Amino acid sequence: MKISARNQIKGTVTNVKDGAVNAQVTVDIGGGNTVVSSITLESVKNLGIAVGKEVTVIVKASDVMLGA
Amino acid sequence: MKISARNQIKGTVTNVKDGAVNAQVTVDIGGGNTVVSSITLESVKNLGIAVGKEVTVIVKASDVMLGA
Amino acid sequence: MKISARNQIKGTVTNVKDGAVNAQVTVDIGGGNTVVSSITLESVKNLGIAVGKEVTVIVKASDVMLGA
Amino acid sequence: MKISARNQIKGTVTNVKDGAVNAQVTVDIGGGNTVVSSITLESVKNLGIAVGKEVTVIVKASDVMLGA
Amino acid sequence: MKISARNQIKGTVTNVKDGAVNAQVTVDIGGGNTVVSSITLESVKNLGIAVGKEVTVIVKASDVMLGA
Amino acid sequence: MKISARNQIKGTVTNVKDGAVNAQVTVDIGGGNTVVSSITLESVKNLGIAVGKEVTVIVKASDVMLGA
């Protein structure tokens, strides 16, 4: 399935930190950059998210702010 | 000013495409990755966004989805 | 690719209304309900969105409010 | 009060799952579709959300992605 | 209808600026503060938004960032 | 750093309520209005958020709905 979100960047999971309902997943996207994603524990299970897994980071363009 | 958003990645503007109210700004964040941001034309002016300018891409962790 | 967003509902495109940068896409999800999505014209092209096409409506649980 | 959000769909609460701060509320919107909403426990109380209650699911068009 | 969003502040519309698909509506919320909202032109019509009209500004807590 | 988000309102923290992963921060923005923000505990620490601290409330125009 292709998705309408403009930003889709491949990376590798380096950390999964479980909370009560959500997990914070850290993804290394190369170039010295990491991205932190907050998703539900159910999604972590459904997608088989674990350290070392290759994932795609997905962000809509309207959710990206700029600072300068 | 420091911001509460978890993801703040430095990059360089490579393209600015003006619409009626919003602009689509493309930012090279290194590692072969680019990020597209949709912000208002007023913000483009206020922040002096232009090709070659160094900016910070800002995204909340709750706005980052994962695909796998 | 599986996506972490909790809400993924199948439907059929019934209308595509182009703006300057974005399009408003109406999707019939059955049960007498339609959903309106605002996505970029580029995404409309990339995904081949057109009237009659079967698509999946994707919404994060944290983007769903309730009224009562 | 009328709301500016484009998507407002009526349904019936079928499940409420409490977390530490947020609850996950499942709403049957008919046509075999359910929608999951993540709202605060305080909102659950304020709105009297409980299984069987009729509610309106509210989502902005810009928060709806499409997959195809 | 009561809404689950945590922030609901009353104010008066002071400006409506139409774009191609969206309008930018400025609302005076008192205390010297104004809030800018981007909503569809259809919502502007449906809600009868015009200068001088009393409205409620609605924002989810998860959409509020802090700077310090 | 200047930010592209259209709404940036100064205020004073009046309450910080810690959850498992997130905190709910209440900010008095004057004019009898308060705003509730949900941010991560890590951001609370990083920004030194505490009762009495002056902060800036940041919200994108596209995250502001109107009721009327």
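Annotations for the structure displayed:
Should a chain be cited, it is by its letter among A, B, C, D, E and F, assigned in written order, with residues numbered from 1 in that chain.
Heads up, the rule we're going with is that a residue touches a chain if its C-beta (ideal position, glycine included) is under 8 Å from a C-beta of that chain, and two chains touch if they have at least 3 such contacts.
Values in this document were obtained by computation on a predicted structure and should not be read as measured data.
For the pair chain A and chain F, the fraction of shared interface numbers is less than half, so the two copies use mostly different residues to meet.
Inter-chain centre distance (chain E to chain F, centres taken as mean C-alpha positions): 17 Å. Centre-to-centre separation between chain D and chain F, using Cα means, comes to 24 Å.
In whole angstrom, the spacing between the mean C-alpha positions of chain B and chain F is 22.
For chain C, residues touching at least two other chains, in rising order: 1-6, 19-20, 24, 37-40, 43, 47, 56, 58, 60-62, 65-68. Taken together, the touching pairs give a contact graph of some other shape, not a line, ring, star or complete one. By the definition given earlier, chain contacts exist for A-B, A-C, A-D, A-F, B-C, B-E, B-F, C-D, C-E, D-E, D-F, E-F.
Interface residues of chain E facing chain D in the complex, by the touch rule stated above, are 1-6, 37, 39-40, 42-43, 46-47, 56, 58, 61. Chain C contributes residues 3, 5-9, 24-25, 27, 29-33, 35-39, 43, 47-49, 53-68 to its touches with chain D in the complex. Residues 1-5, 19-21, 40, 60, 62 of chain A are the ones touching chain D in the complex. Chain D makes touch with chain A in their complex at residues 19-20, 22, 24, 38, 62, 65-68.
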